[in-house]
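The following pair of complexes shares a single chain, chain A, combined with chain B in the former and chain C in the latter.
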Partner chain A sequence: MSGNSNGMQTCPSKEELMKKINEHSFAVDDLLLYLDTHPDCEKGLQCYRENVKKRKEALKLYAKNYGPLTIDTADECASKSWEWVLQPWPWENKGGCR
Partner chain B sequence: MWNYEKRLQYPVNIKTPNAKVAQYIMSQYGGPDGEINASLRYLSQRFTAANRVCMGVLNDIGTEASEMIPGTFPARKLFLTNIRAEDILCL
Partner chain C sequence: MDRYAMNRCGRQPHSQAPVQPRKQCAPVEEECKKEPSMFHGLQNLPVAMAYVPCQTFKTTFELCKALQLGTIFPELFKPFCGERRCCR
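Showing the complex of A and B:
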């Protein structure tokens, strides 16, 4: 699944990629609250755009290589079955999404 | 509406079981100052908010508070994983 025969950059490890997703998601969550009360802040808007873009890319890459984390990326992995329900959940001790 | 993301807002990584902490985490979930209470309060107040900014903030912090609920459960579960009966009995 994680073959990179098309010359794209190698995929980061599961932990690295999850860390990246968590960081950008945290930034987006926080920027959302900030922008609610500062809707005209150009710097805030720019920061929001950048983080949303990076979050989306990371979620897509994660889904492709390690299984989906969001319903929007549930079909990214090259699998014929419904990976969403087969992949581990965050409360499981061993799993892909922790 | 609820749209689940298969990850926690903050990673929960617990190696040592601790029934007391699990009990404490449970209190953050329910009770007068728990996340269920907070989220439902914000999400109810937003309907009669004084202005649009207030309405938006209540909606978004209510959402944020309800996100804490799926976070407290795995934390509690992991604090209780491999726990011994005597650890629970002496609470």
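Showing the complex of A and C:
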């Protein structure tokens, strides 16, 4: 599957971007557990912030090119219609579950 | 390989997964082999006491590997490989 281009910015493929989102989401979850017991760890906090930032960027890029995954990126594609409801349902093959 | 029979560490490579243009992670089994003995040094501790050493932030796994292994922290990667098992 080739990368899609949208305006000036080239975008990774849908699968590649989803993988990146999953990886950063997992890292954020694991760092959250670590920070629960180490709330003053600067290295941990920094790593958490970096991963949250990259996750948000990836979610925005995904929403803009392939449709929103989260409600806070629902209007990222600035379409005339409400893209959120037009996305595949999670239990559909095209959705998140396989 | 017998020792891995009870619980394989991670999954086999995704043979039917879509082609991924990004670089592949090293196989999970390689990570299992790196695991040092977690029982080293226990003989020097008093008996009948329980210990939970405090974790400190060191390095993290590559993210694609972390997702496979179930943790981003190498020191928390504790695969059950059937070591030290005994018959009861």
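Here is the rule we use: the second predicted complex is superposed on the first by the 84 of 98 C-alpha atoms of A that agree within 3 Å, B and C clash if a C-alpha of one lies under 4 Å from a C-alpha of the other, contacts with A are read in each partner's own complex, and residues count from 1 in each chain.
Simple rule for what comes next: contacts are C-beta pairs under 8 Å (C-beta built on N, C-alpha and C of every residue); 3 or more make two chains touch, one makes a residue touch a chain.
Keep in mind that this is a model prediction, so the values were computed, not measured.
Student: Looking at A:Ser13, would you say it contacts chain B, chain C, both, or neither? Reply first, second, both or neither.
Tutor: It touches chain C, and chain B stays clear.
Student: Quick check on the superposed pair: does A:Trp89 touch chain B, chain C, both, or neither? Answer first, second, both or neither.
Tutor: After superposition on chain A, A:Trp89 lies in contact with chain B alone.
Student: Quick check on the superposed pair: does A:Ile21 touch chain B, chain C, both, or neither? Answer first, second, both or neither.
Tutor: In the superposed model, A:Ile21 contacts chain B only, not chain C.
Student: Once the shared chain is lined up, is A:Leu31 touching chain B (first), chain C (second), both, or neither of them?
Tutor: second
Student: Contact-wise, after the overlay, does A:Pro68 reach chain B, chain C, both or neither (first, second, both, neither)?
Tutor: first
Student: Based on the superposed arrangement, let me know which partner A:Lys43 touches: chain B (first), chain C (second), both, or neither?
Tutor: A:Lys43: touches chain C, not chain B.
Student: Between chain B and chain C, which residues of chain A are contacted by each of them?
Tutor: Dual-contact residues (chain A): 22, 26, 37.
Student: Report the residues of chain B in contact with chain A in the complex, numbered from low to high.
Tutor: 3-13, 53, 56-57, 60-61, 64, 70, 73-74, 77-78, 81
Student: Residues of chain A touching chain C in their complex?
Tutor: Residues 1, 13, 15-16, 19, 22-24, 26-27, 30-31, 34, 37-38, 41, 43-44, 47 of chain A touch chain C in their complex.
Student: Can you list the chain C residues touching chain A in their complex?
Tutor: On the chain C side, the touching residues are 18-22, 55, 57, 60, 63-64, 66-67, 71-73.
Student: What residues on chain A touch chain B, complex-wise?
Tutor: Touching chain B: residues 18, 21-22, 25-26, 29, 32-33, 36-37, 39, 68-71, 84, 87, 89-91, 93, 97-98 of chain A.
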